[in-house]
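Each structure below appears as C-alpha cells.
In what comes next, chain A is part of two complexes: it sits with chain B in the first one and with chain C in the second one.
And then the complex of A and B:
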C-alpha cells in the first residue's frame, strides 16, 4: 500500500484528500506546514508527497527544495490554487503541478502517474 | 552592431569553483581561475576579456574552493562595469538555498543557483569556465546558435587525437548537429578531414534557458556526477535535443581561434612558454582583443649591472617591479616584483610575484610560486633526483616550488658553490621550541 503525505494548511482540504485517497487504498499521512513535512520525510519517507504552495512559515517551494535535498528521488506533486507558480524554475523540480479543484480526480491521476513512473524506473534499475 | 542586442538577453555563468587538483600545488592556496598566467594575468582574465570584448556584460562568477584571492582579484581588476546599465560581474559563493552541501559538480553549481536564472530571466545562458586560455568572439557563437535554433551549442576545437583522450570528444554531422559526445574516450573518433585530430569540447556552452533548467533539474534527481561533460551534454544528445557543435577552426578567423587547456602543470607551462615565441599562438599584444588584468602599482622593471656582471633578459617577459641585478633571464616569465641576483641564471621558467633568486643560483625549467626566496648558490631543476625530495616534478620534467616554501642552503654542503635545496619549513621559531 503506497504511502501519501498530504502537506496542506487548510483543514477541510486535508480532510477531503484524506477521504479520497483512503478510499482508493492509500495510506495517508498529514502535515500542516512545510517544517512538519520535512521532519516527516526525514524520519519516515512516504512514496509520494502532495504539497500545497501557499502556506504560512516555510512555503511549498521552499519545502520542495528541502525535500529534494533530503531525498532527490521522492516524487512530489505541487498542488496549488494558483497557476502562477508554474513559471518559477524551482517548481520544475516537482514531478507534477496540479491546480486545486473541488474534484480531486486530476490530483489522483497525477499520483497514480508519478507512482507508476517511479515503479518503472525501479524495475529498469533492477 | 555586435549581436544586435542579443547578448543583452544572454546571461553568463562562469564556473570558477573547481578545486583544480591537476594544477596542484599552484592551487594550494588559490582557486584555479586565480592562478597567475603570463606574468601579469590570472587565468580567469582571458575568459572575462572574451566576455567584454564580445559585449557580454551580465556575468555571475560561481566560486567555491579557495575563493579569497579570486574574489580579491575580481574586485580589483573587474569592478569596471555599469550596474546602472544592467551590467555586472558578480561573484557568487555557494548560497545553500536549495540544498545544504557544496557543489557536487559543474551542473550542480548551476542547479544550486537556479534563483539567479529566476531573477534574470535570460533567453539564453552562456556557461563558461575559468580553466582555459583562449580568445573567442562569443558573438559568433551566439549568431550560430540563433541561426540553428539550437537548444545547446557546444564550442569545440580540433586537437591531436593523443590529447583528446583527456577531453570530451564530439562527432558532428554535415549540418553541425552533434551526433555523439564521449567524455575522455580511450580511442577518440578522428575527424574525417583530419584523421590525426579529433573535435573536442572547449567548455563553452550556450543554452536556451529552458533547455538548461530542465536538463539540470532532471540531472539533479538522478544518479549522476552532475557534470556538463559527463552527464548533461550526452543526455541531451541521446534525447535528440537540438545540440550543435561550433567548430572554432571552421567558424572563426585565425586570430580568434586560439584555445589552450591549462588543466595540467605541463600544459600550463607549455602555454606560458609559448607566449615567448617569435610568432606566439596567443598574441598578448593584439590591440583588437585586449586582455584586461590587474597587477597593482609597481615601479618599472629595472635591469642593472652588479659589479662586472651584466643583467640580461632574452626572449622573456619581465613585469613591472622586477629587478634583474647582474643575473640572466632566458626564455622565462617574471611576474611583478621578482628579484634576480648577481650571477643567477633563470632559464625557461615561470617566476610568480615576489620571488627572489639569490646570487649565483640556477633555476631551470621550473615554476616557482609566489614569494619563494631562493638563497644564493642554489640549483633548482638541474638535478631531478635532488629536486624530487622537496618538490613536485611533472611528467614533462618541470619542477614546481610551491607558494610559502622557505628554502635554505643545506648546512652540510654549505661550502659547495652549487647547493641542492634544503627545506626550512618555517622561518619563525615554532612554539614548541620556545622555553
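And then the complex of A and C:
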C-alpha cells in the first residue's frame, strides 16, 4: 500500500484529498505546511508527496527544494490553484504539476503514473 | 544656418538695400551664410539681373517711378525679383575647409586688397573676407582667386566687393556685390556704407537666427512634451492592463480554491449518497466554501463600487470597545491579547460607523496574520490606541508581528497587491480608501521582526 503525504494548509481540501486517496487504497498522511512536511519526510518518508504551493511560512516551492535535498528520489507532485509557478525553475524538479480542480482524476492519474515509473525504475535496478 | 521663410524675408530686404537705386545701388548682390555645421559658405540668395538685356528691362521698368527704398522693400518680394542670376548662383557652396578651395596660407591680409598691387593669389576672396572679418575688394576680376567655376563665370566683368556679415565679432557670412552692368567703379564711400549695412544685417540675422533657435527649441520641447504625454498614456494603459491582469489572476485563484473543494465534496456526495452522515458533513463544507466565495464577491464589489460614507456623530472609543467585545473571543482563540488604550474624553467624530468598523477589522485581521507568523511561544499582542491631537482624532493599531519588509512597504495600499497565500490584496486598499473618504490620513511604521503600527487620523471639525 503506497504512502501519500498530502501537504495542504486548507483544512477542507486536505480532508477532500485524504478521503479520495484513502478510497483508492492509499495510506494517507497529512502536513499543514512546509515545515511539517519536511519533518515528516525526514522521519518517515512516504512513497509520494502531493504538495500545495501557496502556503504561509515556507511555501511549496521552498518545501520542494528542501525535500529534494533530503531525498532526491522521493517523487513530488505540485498541486496548485496557480498555473504560473510551472515556469519557475524549481518546479522542474517536481515529477508532475497539477492545477487544482474539483475533479480529482488528474491528480490521481499523476500519482499513479509517478508511482508506476518509480516501481519500474526499482525493478530495473534489481 | 537654415533659411526659414522669415529669415529669407530678412535676407531679401538686406539684398534689396544693397541693390536698390535709392539704397546702395549695386547692380547685383549675393548673400552667403555658413551652413549649420559651419563647414561651408552657402549662397542663400542673390538679387540682380543675369544679363545686360535683363538689366536694361529692369531699369526701364523702374525708371520714372520715384521709388523710395521703403516702397521697394514693401513692393519687391523675393518672388517678384526672381531672376536667372538668382537661379545661377543660389545654392553654390564654398567649403570653409582649406582642402578644396583653400587659401595659400598665412595670415589674412588686412585692408582692401588691390589685386594689381600684389602677385596673383589663389586665395578665395569670399573666404578671406569671412576669415579676416574685413572687406575684400577685387579690382581685377580675373584674379578672383580660387572660387567655384560657376561663381567665377558670374563675377568676371567688373570690380567685386566682399563684405563680411558680422555679429558680435563673429562672422556669419559674406555679402558679395558688383556693378557688372553699369561698370561703375566701387568707391570707398560705397564700401563704407555697405560695411555699415553688413554690420546691421549681421546683427539682424543673428537675432533672427537666435529667434529661430529658440523657436526650434520650443518646438523640440513641445515635441518632447507630446512624446511624454503619449508615453504617459501608454503607461497608464499598460498599467491598467497589468492591474486587470493582476486582478484576474488573483480573483481566479481565490475562486479556484473554494471551487476545488466544493466540486470535490459534491462528487463525494454523488458517489456515496447512502452515507448520510458524510453527506451532511460535506454539505456543511460546501456551504462554508460558498460563503467564502460570497464574501470574496462582496469584497470585490465593495471595492469597485464604494459607497460614500454616511457620517454620524460618533464616540470612537465606544465604537472600538463594542467591536473589541464582539471579536475578543475570536482573537483569544488565536492566542492574541487585545489591549485598548483609549484616551478619556475623546471628542466626538463624524464618521460612517460601518466603514470605520470595516477599516478596524481589516487592520486587526492583518495584525492577526502578522503575529501568527511569529514563533508559537512568542506573545501575540494587538494594541488599539486613541489620541486627541490638533483637530484630529488618531487611532493606532499596533501588533508585535513579523513586520513588513522594506521593499513591500510602498505597495501595501495598492489594490490586489498581496504577499499572502490567500487573500484578495484588498484589505489595506479598503482601509486607505475609508480613511481618505473621511478626509483622514493613514501612516504606517514597521520594523521587521518586531511589529507594525497603522495610525489613522480622522478630522474632528466638519
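As a convention for this text, the second predicted complex is superposed on the first by the 126 of 126 C-alpha atoms of A that agree within 3 Å, B and C clash if a C-alpha of one lies under 4 Å from a C-alpha of the other, contacts with A are read in each partner's own complex, and residues count from 1 in each chain.
The rule is simple: a residue touches a chain if its C-beta (ideal position, glycine included) is under 8 Å from a C-beta of that chain, and two chains touch if they have at least 3 such contacts.
Only a predicted model underlies this, so the values are computations on that prediction, with no experimental measurement involved.
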item	value
Clash or fit (per the criteria above) of chain B with chain C on chain A	fit
First, second, both or neither for A:102, with chain B first and chain C second	second
Contacts of A:12 with chain B and chain C, given as first, second, both or neither	second
Chain B versus chain C as contact partner of A:46, first or second or both or neither	neither
Contact breadth on chain A, by residue count: chain C or chain B	C
Shortest CA-CA distance in Å separating chain B from chain C in the superposed model	17
Overlap of chain C and chain B interfaces on chain A (superposed complexes)	none
Chain C partner contacts - residues on chain A that touch it in the complex	9-10, 12-13, 15-16, 19-20, 54-57, 59, 81-82, 84, 100-104
Residues of chain B touching chain A in the complex	97-101, 114-115, 117-118, 213-214, 217, 220-222
Sites on chain C touched by chain A in the complex	249, 253, 256-257, 259-268, 285, 288-289, 369, 372-373, 420-422
Contact set on chain A toward chain B in their complex	65, 68-69, 72-73, 88-90, 92-93
